[in-house]
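In the part that follows, the structures are each spelled out as structure tokens.
Note that subunit A is present in both complexes that follow, paired respectively with subunit B and with subunit C.
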Partner chain A sequence: MSDLQVQDPPASAPKGGLVTALTAFPRNVWDSIFRHPLPDSDLGASQTSFSNFFLHIHPVKVHRNTLRPLYTMGLGVMSFAIFLLLTITGILLMFYYVPSTTQAYDRMLDLRGSVAFGTVLRNLHRWSAHAMVAVVFLHMCRVFLTGSYKRPREFNWVIGCVLLLLTLFASFTGYLLPWDQLAFWAITVGTSIAGYAPLVGKKIQFLLLGDQAVGQEALLRFYVLHVVVLPALITLLVAIHFWRIRKDGGLSRPAEADLQPDGKPLQVQIVQGNASGKQTFGLMGFVRGPFTKVGNTPDNSVYAWPNLLMAELFVFVVTVAALLLVSLFFNAPLEEPVNVLHPPNPAKAPWYFLGLQELVSYSAFWGGVGVPGIEVALLMLVPFIDRKVSGVGKWFAKERFLANTLFVTFALLNVIFIIIGTFFRGPNWAFVSPF
Partner chain B sequence: MKLALAIASAIILIVHGLVFYDQFFHKWERHQTAYFDQARTQARNDAERAELSDRSPKIEQIIVTQFGDNRVDRCTTCHLAIDDPRFKDHFQPLKTHPYSAALGDVQRNGRWERRHKFTDFGCTVCHDGQGRGLETEYAHGNDEHWNDPLTGYVTQANWRKEFKTHLVGKEYMEANCAQCHTEENFPGTPHVNRGRELFFRTNCYGCHKIEGLSEGTLAPELSEAGHKFKIDYLWESIVDPRANLATSFMPKFNLSDEDVKCLVVFLKSRRGVNFAETSLARYRTRMSPAKAEITPEAVLNKAVPKAADLVSQGKQLFEDRACTACHKLGEKDGGIAPDLSFEGKLKDEEWLRDHFRTPRSRVPDSIMPAFRFSDSDFAALTAYLASQQAGAKLADGAEIFKTLCSRCHGDKGDGQGKTAYYLDPAPRDLTKRAFMNSKPDDRFIKSITDGVPGTSMPAWGKTLSDEQVHAVLGYVRTTFVKEPQRNLKAHANVPDANPTPTSKASVANGEATFLKRCAGCHGLKGDGKGPNSLDIVPRPRNLRNRWFVTTLNDRRALESILYGVQGTAMPSWIDYGLTVKDAADLLNYIRSLNPPPAPAPAAGKTIATAGTSPRGTE
Partner chain C sequence: MSENHHHDKPGNSRRSILSWFTGAALAGSAAISALANLVFLKPRATYGQPSRYSIGKPDDFPSGTRISLDSRRVCVVREGQKLAVISTICTHLGCTVGVSDTGFACPCHGSRYDQDGNVVGGPAPKSLAWYKVSLAPNGDLEVDTNLPVDQGTYYNL
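Our next item is the complex of A and B:
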């Protein structure tokens, strides 16, 4: 029980005197900010995590299964890393951007030509936005294929779905801001897809655009949505998403992962503090496993510091490095200034909506509203339809063959439609070969 | 994992290093430093030298406020010496902008003074390019997404190779001169002036509209062509009209490269709004369009005295309005539209007059624009064409075919003459045996003698004798068909006249059958433009061609429906279960689409709106 004891205060009691105060100044400031030194024991690791604002979102201990790289592939952390990167680059870009039809494009030219680091900022923001859509989608695939949306994580899955939609919408609203031909016509196409909804479609389209066509009002609306409303919503939901992970008992894992090494179920042993009061418990002593409890039985968890933190740092650094490399070699597109009278042929929506545009080319209602509506509804309802708890925590579990097959089919169909829309559609939406 | 982490961190560091390097070692800084160094060695006095020593590289820019939207031209960041005469022999970018008396620059006390000062005009007003760019590629507009690269100097990578050499030259800049110098014959812009003249002389104005110049409605408006399109696209559209739109029926005019260039420069100068106009002036022009300062008459009638009689007046107009840009008359041949050499014999004055006013009133699928000439001009032109009475003195069938037929039906008789693409319906392919041998000779004799109403096939009987007609048919049979004609048996069950009198019920039944069986090719409207029509040669017949349908006799129509038209895509419907009664109903329906014209003069309109809509009763 000794490792649960709170660390003693520093051995040397503070002494008076200006000279001492001055010499100790840096040390004192440091100590006032970081209450605990870099940990060298399990206890220290717990305390450091607890007392640090940024770290205390982590549990003190995490299950070994959480750290298996091939289980999560780090996709959730990756999404968050990209979101942070987008926030930072986005704020920097806001210093130069004016949401005005007469100035926006010129500002893009300035960013490319004369603003220091303008090109790389824009590239990073652009490619990160695309990457985030892709990574969030893959994250959802991981969660589904490991059955992790099941009880008690149903609500977190729903939040995740909402976050995916918000990510798409944030990317879509940002697409208009450069105010070039690509942006203008992509948004024109994208918002007319929304217009195919029965009854309310045209109203939604008008609400989005503030006008009958894409113009100054639309630019302003998209700008406000893009820089204020959507990031705020995403931040809030991400916070809930993270919080729920802990409250739902950490990441999903197979049932056998909670067995003791000898194969017996984990016994939670409750230890009462004794009456003499000689032993004190830190709060972290209560935290182990899914729920608050006290005990010191062997289990399959490891300390978050350094294991989880290193893994997260790794994903973060690799993500940033990859995006920086891409941004170094590929410039974000900037096409001709907007010409309302001269639509490109074909006018294409952003790539993540090209699957929908492809479907719209067959049937306006089904492509624009029917199919995506049903897909989103099914996605959100899936944890409430599929109630069996077997097969959780394993990729492609045999017990979940049907669910996984259905999901993979739908996901692949969407990807195929996007690929067709992106590469195989030429002027007048005729089929062309990219080769 | 630690190794991977280290590598990833190193990548981050290196990328940052590269980005920083890029930011702090600009090319333009090197140009500026070079300029300061060289200018210092040439400086005349210490003060100048000291001033140059104090200067350090910075982004230079000219903000131009007087020409359209505000422009920011940063060109002088690299081209620092444009106003420094000492650098006139230096290489770019540190070269003095040449002084030119033609541009209005004047020499005072040995120093040149510019008429177009850079502080007022900046650079891109005349040169185009992207003023805000600081990298050569973007600033000069090499980037394919920039609409106006340095005009006359820079061609973009994706432009067609065979055009690129034509698209270089200072004369392209005249398009920008014309933004302010809008006078019709401004001496500084000879290419624009010539282009404007060609716009009328090659009859572009008949189809294309340019605000203040022309009123054509058949083809896309070009008022903002210079703003919308790059010069390579303009060039391509003129020399190869079908490159961008496969269904375009714009003729390929035989223009010299120099003329194409003039047209491109002229079109590039059409930006919708030019700097010389105030919004008030624009409004005034719009309110009184009659006052359009430049008209076809103004451009083309220059120094042409009005001739005394109508015919010679018409002759002048005919030459002036460049009818031979498309048509043939005598030696002049535009290679696009029918030969008018025998027009006076072939057509009566009424036909000519109608056709002038609305070409589609007589040939419903004609591509000839309706020119907006005055009534007296039309009268003169009609009189002139009616005077083309030269008879064809032609020896044998071969010569007749070569002179009269091959221009449309082709030298090989395959219907691929030089005008064939522009004619609708297309000239018959005379080598198609299935067709040629399935019709009796009287049918061909009749087509040659009386022509085919509603198409471009004229009634040659008015200029050829019966023997000549037979001779040319014989020539076609021996040279192109090359197969003796079989004995044709008339289909006994096809009546000579429509057995079912027209009635509402019959028309409704015909319409239902039409929508089910015929609309796929002949179109819902019966105009021959159904969804399948594009792949079919010869094209399905336009059943709203009033002239054709009204002269079509019942027997031929019923036979075509029931037994098909050999050598075409029209199947034999009797094999698909249609009865004589069905065919009769169909014929009644088709005839109901083409009622006899109302007494009103606008015959074309009657055709367009007449009859019940094919969708009406469904």
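Our next item is the complex of A and C:
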């Protein structure tokens, strides 16, 4: 295993000469790019994972539990797939978009009318944004309900919470860009909510808008936030999020998953060193956790290539296919062009903010700042409040009945407020029956 | 090596003081840079509407008028020789309220106000603002949205 970095020369190494160089040219170029051929052995699988830039984010081996579809439901990979899709479609849309109050709406019409694939790209971007909010939220539910935020994964949970907030903010800033009625009034309402924050609220609102009211300055600011600042922050935090999964010992799993077939816990072999009393460790012994091991005892892990890779590819393809299908059949909404004089009645935010809007209709401060602030703070503090290490790695573990009940209640309350805001509110935000 | 070791003892050398100063200087520079960026992001001049503007001659608003000037987001009220300008920006979340027979109503979250702008229903936390009105030398009525006045403060023509 010591020669992992060293490339063995091919057995039929060409021996100079122009003709041989030419005939071997394609092969040589290929070998210079890909250090290893497609693996046909366990060692090959490890070397392929180690030496490829895109694969080395994976561990060489993953625990079988990681690959159980019903354990993770692939929600994390799904979020990342949607983020990639959003990045690609977003960059393409940027080629035709102008962040100007006089041009933005016309550009939307151009996308629909005269740009090849413009409609489907815009649909894909809009529906992916909706999907990302939903999937990131479901991913958080999965992590909570399996107790996966507990030690040593506390900080990755916090990063995940920040990523949820950034996802919402990215979606929010994207809403203004078409400069239609929904855009204008959603942003007017949203930035006014920010204005209710204590002490600095009005200053934040002014910084966000760049003016006293939503206008050209706000459009430009939201555009820069949407296409540069937020994607860069999300990319950085996603990288740390992924990196920490490995550093925190892989995905969470129940304690039984590490037992050997004979029912005994796995023993990591430590080789006793020389006479001075200092211990010498095998290289892999430094890797934390009971999972990577030295020796030939049977374990519960499988090679990441091809098992993990195929699972990820499957989730990725299904996600992209589903969103593409939706985008082919359903057009993204585009309302009337902005009319700063007449808000639509009722003026509704996108669905994932309607719960917030419903709360805000009771009290601007408590609905818009107080309650959401407490919710976010509690969410981030969860792993530092709940310190018991029991019930990790199992859905709805009995030991975690109280925590899970509290969380499900919290999630359901948010969903209920969203449903009320979406279906039960009519003109002047009066209660209406959808039936 | 042993000498270096001696100097590394905390609180026992110039080195620890210098380290402390260096750290403070770096942190201070970072803080000042961050502050400078914030100052940069705060516009000194805005391109939006001016806060002081003319709304026309007093004769444009006969007695009994309640007209919403949509582009200015204010409502002009005249009763006899008394005139006032009331903001139509909802104090809840900034939507434009509509002028109705009984007062004002907001389409966004259902705040309702009476004819003087007092909250009578909905989530609005305070009543609509009244702005200072004055007569410019050319005979135009002038409104200054930077100068709110007490409710019920009319301008006497």
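Here, the second predicted complex is superposed on the first by the 400 of 435 C-alpha atoms of A that agree within 3 Å, B and C clash if a C-alpha of one lies under 4 Å from a C-alpha of the other, contacts with A are read in each partner's own complex, and residues count from 1 in each chain.
One rule holds in what follows: contacts are C-beta pairs under 8 Å (C-beta built on N, C-alpha and C of every residue); 3 or more make two chains touch, one makes a residue touch a chain.
Note that the structure is predicted; figures quoted are calculated from it, not measured.
Of the two partner chains, subunit B is the only one that A:Met310 touches; subunit C does not reach it.
In the superposed pair of complexes, A:Asn428 makes contact with subunit C only, with no contact to subunit B.
In the superposition on chain A, contact is made by A:Thr188 with subunit C only, not with subunit B. Using the contact criterion defined above for the overlaid structures, shared-chain residue A:Leu328 touches subunit B, although it does not reach subunit C. Touch criterion met: A:Gln216 reaches subunit C, while subunit B stays clear of it.
By the document's definition of touching, both partners, subunit B and subunit C, reach A:His342. Once chain A of one complex is fitted onto chain A of the other, the partner contacts of A:Leu109 are limited to subunit B, with no touch recorded for subunit C.
Of the two partner chains placed by superposition, only subunit C is touched by A:Phe206; subunit B is not. Overlap of the subunit B and subunit C interfaces on subunit A comprises residues 341-342.
Those residues of subunit A that touch subunit C in the shared complex are 185, 188-189, 191-193, 195, 206-207, 210-213, 215-217, 340-347, 357, 360-365, 367-368, 427-430. Taken together, the subunit C residues at the contact with subunit A in this complex read 38, 41-43, 46-49, 70-71, 92-96, 105-110, 122-123, 125.
Contact residues on subunit B toward subunit A in their complex (touch as defined above): 1, 4-5, 8-9, 11-12, 15-16, 18-19, 23, 59, 69, 72, 74, 130, 132-135, 138-139, 145-147, 224, 227-228. Contact residues of subunit A toward subunit B in the complex are 102, 106, 109-110, 112-114, 116-117, 120, 180-181, 310-311, 313-314, 317-318, 320-321, 324-325, 327-328, 333-337, 339, 341-342.
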